[in-house]
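Dropping a structure here in structure tokens format, bear with me for questions.
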Amino acid sequence: MISFTCDYNEGAHPQILSRLMQTNMQQEAGYGDDIFSLSAKEKIRCATGCESADVFFLTGGTQTNATVIDSLLRPYEGVVAVETGHVAVHESGAIEASGHKVITLKSYGGKMRAESLKQMLENFYADPSWQHMVLPGMVYLSYPTEYGTVYMREELQNIHSVCRSYNIPLYIDGARLAYGLAATGMSLSEFATMCDVFYIGGTKVGALCGEAVVFPQGNAPKHFFTLQKQHGAVMAKGRLLGIQFDTLFTDNLYLQLGKHGVDAAMRIKEMFLKKGIPMYIDSPTNQQFPILTQEQIKQLEGRLLFEIWEKRPDGTAVCRFATSWATTEKQIKETEELLNNII
Amino acid sequence: MISFTCDYNEGAHPQILSRLMQTNMQQEAGYGDDIFSLSAKEKIRCATGCESADVFFLTGGTQTNATVIDSLLRPYEGVVAVETGHVAVHESGAIEASGHKVITLKSYGGKMRAESLKQMLENFYADPSWQHMVLPGMVYLSYPTEYGTVYMREELQNIHSVCRSYNIPLYIDGARLAYGLAATGMSLSEFATMCDVFYIGGTKVGALCGEAVVFPQGNAPKHFFTLQKQHGAVMAKGRLLGIQFDTLFTDNLYLQLGKHGVDAAMRIKEMFLKKGIPMYIDSPTNQQFPILTQEQIKQLEGRLLFEIWEKRPDGTAVCRFATSWATTEKQIKETEELLNNII
Amino acid sequence: MISFTCDYNEGAHPQILSRLMQTNMQQEAGYGDDIFSLSAKEKIRCATGCESADVFFLTGGTQTNATVIDSLLRPYEGVVAVETGHVAVHESGAIEASGHKVITLKSYGGKMRAESLKQMLENFYADPSWQHMVLPGMVYLSYPTEYGTVYMREELQNIHSVCRSYNIPLYIDGARLAYGLAATGMSLSEFATMCDVFYIGGTKVGALCGEAVVFPQGNAPKHFFTLQKQHGAVMAKGRLLGIQFDTLFTDNLYLQLGKHGVDAAMRIKEMFLKKGIPMYIDSPTNQQFPILTQEQIKQLEGRLLFEIWEKRPDGTAVCRFATSWATTEKQIKETEELLNNII
Amino acid sequence: MISFTCDYNEGAHPQILSRLMQTNMQQEAGYGDDIFSLSAKEKIRCATGCESADVFFLTGGTQTNATVIDSLLRPYEGVVAVETGHVAVHESGAIEASGHKVITLKSYGGKMRAESLKQMLENFYADPSWQHMVLPGMVYLSYPTEYGTVYMREELQNIHSVCRSYNIPLYIDGARLAYGLAATGMSLSEFATMCDVFYIGGTKVGALCGEAVVFPQGNAPKHFFTLQKQHGAVMAKGRLLGIQFDTLFTDNLYLQLGKHGVDAAMRIKEMFLKKGIPMYIDSPTNQQFPILTQEQIKQLEGRLLFEIWEKRPDGTAVCRFATSWATTEKQIKETEELLNNII
């Protein structure tokens, strides 16, 4: 059965597996000092146009968010995120476990608005009891967001500008970065100027696992490695992460995989719209959110896998269809037939 | 150049890579609900003779120790370990980061003695101010230890018995479990009766990454998964861990890899002893600690890689030679020649 | 100048100071083992009608909330509170610092509604990804709330009933408990049946400092004292807390002080209403929130101290006037004159 | 019965109680903004000769240590202390609870040696795996130590000098500072040049509670107040602490109380020595540690209270006799008689 449940249904891009095979018995140092990791870091510096960038490889998203956020905040500071942000909802309290509050702002289709951020910061320091509260110490965005939406150039610039005026870093969670860049057409090097630290998601874009944290200006906090280790986020066989990112950043593969996933998503979206099925949100990325009736859901049951995102009072449900780097032409065609014949 | 620096110099056992290739495009659920993980858990239950065991897969050792320990302790409790234990020294404070003290006992060649443990516990509760101190809430051992030594059946039983009499769980770090079992000849199912929770190390025994936590009596603390997620220790593509452990626990592969590493180590050890080079400790497992002179170290430089473990006042150094599942006949032969010709 | 800024403007009730003087040179054990603390605990057990209650004395509110909450939650659990709750806003992240998320619900005049709580809990466990989220592990209320409002008998019972059906404890912050009881006429022993743990606030009701945590059913978590110590919340000279609570619970003093503060507040409230000044909220306790215009605020400046609680878009401001056990007839009279002559 | 159990057996110095009475109904701001606290801070700046010192008042020792240490360390850093240091043993893991390891050095009669510290730091950075370990981020000493011993000028200078060469702050726990200064004759202003932050203990020197943290060079970490609040260490009625320290730092009272306690201790010590009873350690401060036989202990039972510090294999016990600011001539005389007649 075809699954659009998430963008980590499959293994890895074949080139990655093939590199793993080729290099398997080569003896290399541990903890990221292998030649693959060194090469991958260099390629990422090149792709982001940040020659002095600090780059670190971690295994998964929650771990990466917790480590980066902990590295940037003082104990009395919290991270500002929208209420639907991954760190605010789906990380089992990993941020709080390292002692930090997630300060939430209203979400607009998954996005933060520069004005809300500015207003919150102004109100905070205008409050006479601000010293009894958690200080807003950094801002967290996801790009694309958990709702598939994505910030336009100007939106990012405005948020970054508010951050700078309060001297707090902007951190972008790029778990699905390739899909966001494909949707907006922004280059990785332009993106890298829009924030103070971000991560390039591998897990959802062709890797078995792995996220690459980038401090574009070589601005990693001191002893980031030790903090990474403390968070259980240093892989002994760092080569596994090095080889994967080295492959993803060879011949532009990472961005191509992003484009592949977004193209597939646009075709799926088109199919729903043609059938008169409304979309919950106008997502330009690899996650699409059609609103299906209970009958439609029943008809698809057993033929297509996807996620029920949110049940609505009127009996319909927001559903999530996630394409990815791995979505095949065959899967799209079969989905089209299914939708045509059934709904 | 041949490296004995550590037991994670290579990639994975070829069967693992080949399984990854075969299953790569099969769509599977995330977070450990894939069929490989389910199958691997069943095989581990079978191999440990614990049919109701709770099994969880995590990525690396530090992360696993931090998660298990945090799951077993109350905030006012600490974990008892020898002063050379991995959690006490080489995890960048991961245990303390989750709020818990590591209470240290003297190490005897890397091992804890049941009597020291008993004495400490007796003294603790005899101290009138014990309520102002960190309560000893569990015991941590590594098997084999960081010095390659390994507990005999009776030693483990004695420690476990002290734990039981104080009603505190015994946790065994099995980062190199296969090498320990190969050295002692203990079966996995017997081992599983010796403690309350342990982990089966994959990273150092043929996997790319991965450790399998086993609660033999189905005694996992409630909501262990959520805590695992909070520690950034849940892999989105859980299949990567599932496939590896499923392979390692097919046809007894895990134990065979352990035997392979230990056999190689015994041959290396023999070579040193033949040359009259003393061993720092009599290790029956895959880590060997010859004491080399500065001249001997210089002679090997550029021909053989290994770790300087500890420099000694007399100018000699304790060196670590780690063999593994991946050590080849060729490497052993070449090492023999090197040692014969040079030292 | 008369100050209604807060309910901790003065020192202590004279009987407390006089007891401190009388007993000053009597040698007593530290850490709460003095005879005053033992006597005070017994009197609290009597006043609450809970003869097997566990009682602990701590110094201040934030410390008490952090300790109690940490003692009741597992690391993957959070505390549910309204968004205006003290633990959610004004404790500088003390709850998060011990690793726990504050899960917020909408506030209705400072109060939580049983239905909101029920709805949230139902939604939580209906969400297929609940294991990736922070589990709601307990409920926090303040009585009276930060807005001076107070739960009626039935409201408390309904919330407690939801808690019980989900098997999570209900904790009530009684920083101003005496004022709440005076307003509702509920007895302390009835109140004690409405929750699983609460604290009796001393600091705002006549003590120099001190809060008494009560586990009515003798249901204190094991080793609460050690956790209290870990939170820096054990006073070496426990006698200071013991003497104060022993005095407050002699001849019903605590409840009388509450009544005194509420009577004063009702008179102040009446004055504002007579002058046609609207109240932001209909508070029956010692905190009153008149909505003043900028002109009124200017007229009072330099004559009366109070807090600007919230500036409103129309130029008016919600102001807080807090009376207390210490408010004098003279202060009330002078305030009346001021309001009559000026506004 | 006379008690030498500890130096917090009594209430407060009478002048403190009398100031509390006089000022009781004066309305003052909360959280340390009262005029007493402001005055006390100024007097402490004067007494320490540090006109730009940052001064903060907290309630107790454990709380103070936890807050100061948390304010100075980054998450991957630990605090270095001797193995008998208060933070290492008797704070129920308060330091670890805020995420930091206590790195222990051998204790020499309760004291740290500059050479041990230097050696540890050298070894640490010489260890190739130091990035996998907890970084030594600051040094903690107590003055006097838990064994009544006290650092001489040069010893402190040497330790401070090692700290400076590694660029890590030196923090001194002055729970019993007055007794230490009385013993060494060092002035408070000289003492203030010997470290980067220290606290002046009130609880054990005449206050009901209260410790004053001093950053002599105005070098308090940013937002120390907010961190203090997070640690539950801000007193709502800050006046209680302000009045006490204002009194203690009027007319040199603090130092006089220290001298009084030490004088009493010297007389007690003399009595033991005259009777041929050996002292466990040669303490020049208010804690004395005679080694008593079981028979001697039995003879004193029911007549004199003191602490059994450590039972020894030969049946004797190290006992602690603590004098204080409150020890009376009558108590000393009676003790003398008791010792003469009984032992």
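Note that the chains take the letters A, B, C and D in the order they are written out, and that residue 1 is the start of every chain.
Convention: a contact is a pair of C-beta atoms (placed from the backbone, for glycine too) under 8 Å apart; a residue touches a chain by one contact, two chains touch by 3 or more.
As the structure is a computational prediction, the values presented were derived from the model and not from experiment.
Any chain that touches chain A and also touches chain B is listed here: C, D. Put simply, the chain farthest from chain A by mean CA position is D.
Computed from the mean C-alpha positions, the centre of chain C lies at a distance of 33 Å from the centre of chain D. Separation between the centroids of chain A and chain D, computed from CA atoms only, is 50 Å. Separating the CA-averaged centres of chain A and chain C is a span of 42 Å.
Annotation for chain A: residues touching 2 or more other chains are 75-76, 91-93, 97-99, 131-133, 226-227, 229-230.
Across the complex, chain A meets chain C through its residues 75-76, 78, 89-93, 96-97, 99-102, 128-129, 131-134, 307-308.
Residue ranges on chain A touching chain D, taken from their complex, read 70-71, 74-76, 98-99, 131-133, 135, 222-223, 225-227, 229-230. By the touch rule above, chain D contacts chain C in their complex via residues 2-3, 5-6, 8-12, 14, 17, 20-21, 23-30, 59-64, 66-67, 91-94, 97-98, 203-204, 208-209, 226-227, 229-237, 239-240, 305, 326.
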